[in-house]
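Dropping a structure here in structure tokens format, bear with me for questions.
Lettered A, B, C and D in written order, each chain numbered from 1.
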Amino acid sequence: MSEPFIHTVKVSWGDCDPARIAYTGRIPNWCLDAINAFLDHHIGGGWYFQEIDHDMGMPFVSMSLDFRAPVTPRHPLDCEVWPERLGTTSVTFRVVGRQDGTLCFEGSFVEVFIQASTFTKQPPPDRVRSLLEPLVRG
Amino acid sequence: MSEPFIHTVKVSWGDCDPARIAYTGRIPNWCLDAINAFLDHHIGGGWYFQEIDHDMGMPFVSMSLDFRAPVTPRHPLDCEVWPERLGTTSVTFRVVGRQDGTLCFEGSFVEVFIQASTFTKQPPPDRVRSLLEPLVRG
Amino acid sequence: MSEPFIHTVKVSWGDCDPARIAYTGRIPNWCLDAINAFLDHHIGGGWYFQEIDHDMGMPFVSMSLDFRAPVTPRHPLDCEVWPERLGTTSVTFRVVGRQDGTLCFEGSFVEVFIQASTFTKQPPPDRVRSLLEPLVRG
Amino acid sequence: MSEPFIHTVKVSWGDCDPARIAYTGRIPNWCLDAINAFLDHHIGGGWYFQEIDHDMGMPFVSMSLDFRAPVTPRHPLDCEVWPERLGTTSVTFRVVGRQDGTLCFEGSFVEVFIQASTFTKQPPPDRVRSLLEPLVRG
């Protein structure tokens, strides 16, 4: 079994709203950054590299998030990422955010694989599937 | 029946990613802006005013979004907002984004009502409930 | 003499930091949005249209900003924009932000004109120069 | 002489615009994040901690930035930060951004020290001055 992948965020003053906690709108962005970092680590490049160097796009078709506890600058924000389902032409990522051991948010994010130049859906190349498949867990 | 509430966004170059469409992370932020604008219009002030002038907070407990078509700068982005459910201590908003008649995204966003100074859940004041209730639709 | 061009921003809860005023990092972004809106209004399209439809890029080479008074959600933020200098291959925009008559910030932003496909500096086409030139003021 | 302070940013797909380089508006935000990280490292907490735990605010009065080369996701973005001037009630930070040895941007950012609860200018406490002073260089 592989190591958990953790993308750590330094939450800042500018991420917080007048309630002194991270603004809700920041959280999906951190999740996306975490997924991009996961891809960079595990398939040899994030979305930028897949799109520009490999003509593979990965647009999102849905996201859902539950917010469990406020996020603040008082601790690092650890975002754990893994693929929870790999379909024929899509992948679902799970992202779980924790600070100092407390669950702050969790969500699922579905991307489809496309040929970037034509914006048409297609199965991911073997290169990508073979790297993601062993990392899938429910 | 009340008029639909539409919050219109001018999508810009800086909102777009190298695929030449709005970056996914911008979309939940536009939805939040649209909900805030709805509250500003219908209950006499957005979150800033509710928190600071009325000691009422409205933190989010969940969001879910489906992305139906890309968003681009080529047309205004019209975000329609309405409350689809008003519970004892929570409200669910529906946000539907359209460009030039095309459905681009749709989502649901659940907020709870709290006393801001103590961060404890409580029913919204009558002032708020009486204004939101007639606007609820499924 | 032409009408002043004003781009109005609805400042939201999520734009504010725990000091209950707009976060500094939001302000250059609003200035850029205002310049883009000015171009959209005056030269028939913002950066997205110039780049994609006309192969003209306008990267920034510098910006400077003075912050005069806090920005809050309590009033609309009116951003006035005009070109203060039009050089052979560059243009300098002035942006002045005001709320309820109070000067909040002012800044200058220098862009160069490039051919987008080659990223090489070049004078703007006559189409652009002839539209911008009459709007220049110090 | 102290070690240079470097705040490293992972530039992502979502930071880039359709020209495939980081959007201009992202750069001042990275500079602010870098200054906040510098304060966190050198004076025992960034703006959030100074404001909330020590009643010291540090609003910005100006910023100026020169953009020297495009920023992309292809290399880490190293932001070096140091104080270049410490006045009676203000501090000027220099931020220099580099990727793979190339100078990408450089800028100066002036903050004043205030008592957060009253929003009035005041000299920084000795605690802060004594930590910043030895780090000042031109």
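Simple rule for what comes next: a residue touches a chain if its C-beta (ideal position, glycine included) is under 8 Å from a C-beta of that chain, and two chains touch if they have at least 3 such contacts.
The structure displayed is predicted, hence computed values, not measured ones.
Visitor: Please indicate which chain is farthest from subunit A, where distance is taken between mean Cα coordinates of the chains.
Guide: It is C whose centre lies farthest from that of subunit A.
Visitor: Between subunit B and subunit C, tell me the centre distance in angstrom, where each centre is the average of that chain's C-alpha atoms.
Guide: Their C-alpha centroids are separated by 27 Å.
Visitor: Could you tell me the distance, in whole angstrom, between the mean C-alpha positions of subunit A and subunit C?
Guide: Averaging C-alpha atoms per chain gives centres 33 Å apart.
Visitor: Using CA atom averages as chain centres, what separation in Å is found between subunit C and subunit D?
Guide: That gives a centre separation of 23 Å.
Visitor: Could you check subunit B for residues that touch two or more other chains and list them?
Guide: 13-14, 16, 18-20, 24-25, 29, 32, 48, 51-52 - these are the residues of subunit B that touch more than one other chain.
Visitor: Classify the inter-chain contact topology: is it line, ring, star, complete, or other?
Guide: Basically all the chains touch each other, so complete.
Visitor: In the complex of these two chains, what residues of subunit B are touching subunit A?
Guide: The contact residues of subunit B facing subunit A are 18-19, 21, 24-25, 28-29, 32, 48, 51-52, 57, 59-67, 70, 116.
Visitor: Which part of subunit A faces subunit C closely enough to touch in the complex?
Guide: Against subunit C, the touching part of subunit A is residues 13-14, 16-18, 20, 23-25.
Visitor: Mind listing the subunit C positions that touch subunit B in their complex?
Guide: 10, 12-14, 16, 20, 29, 32-33, 36-37, 40, 46-49, 51-52, 72-74
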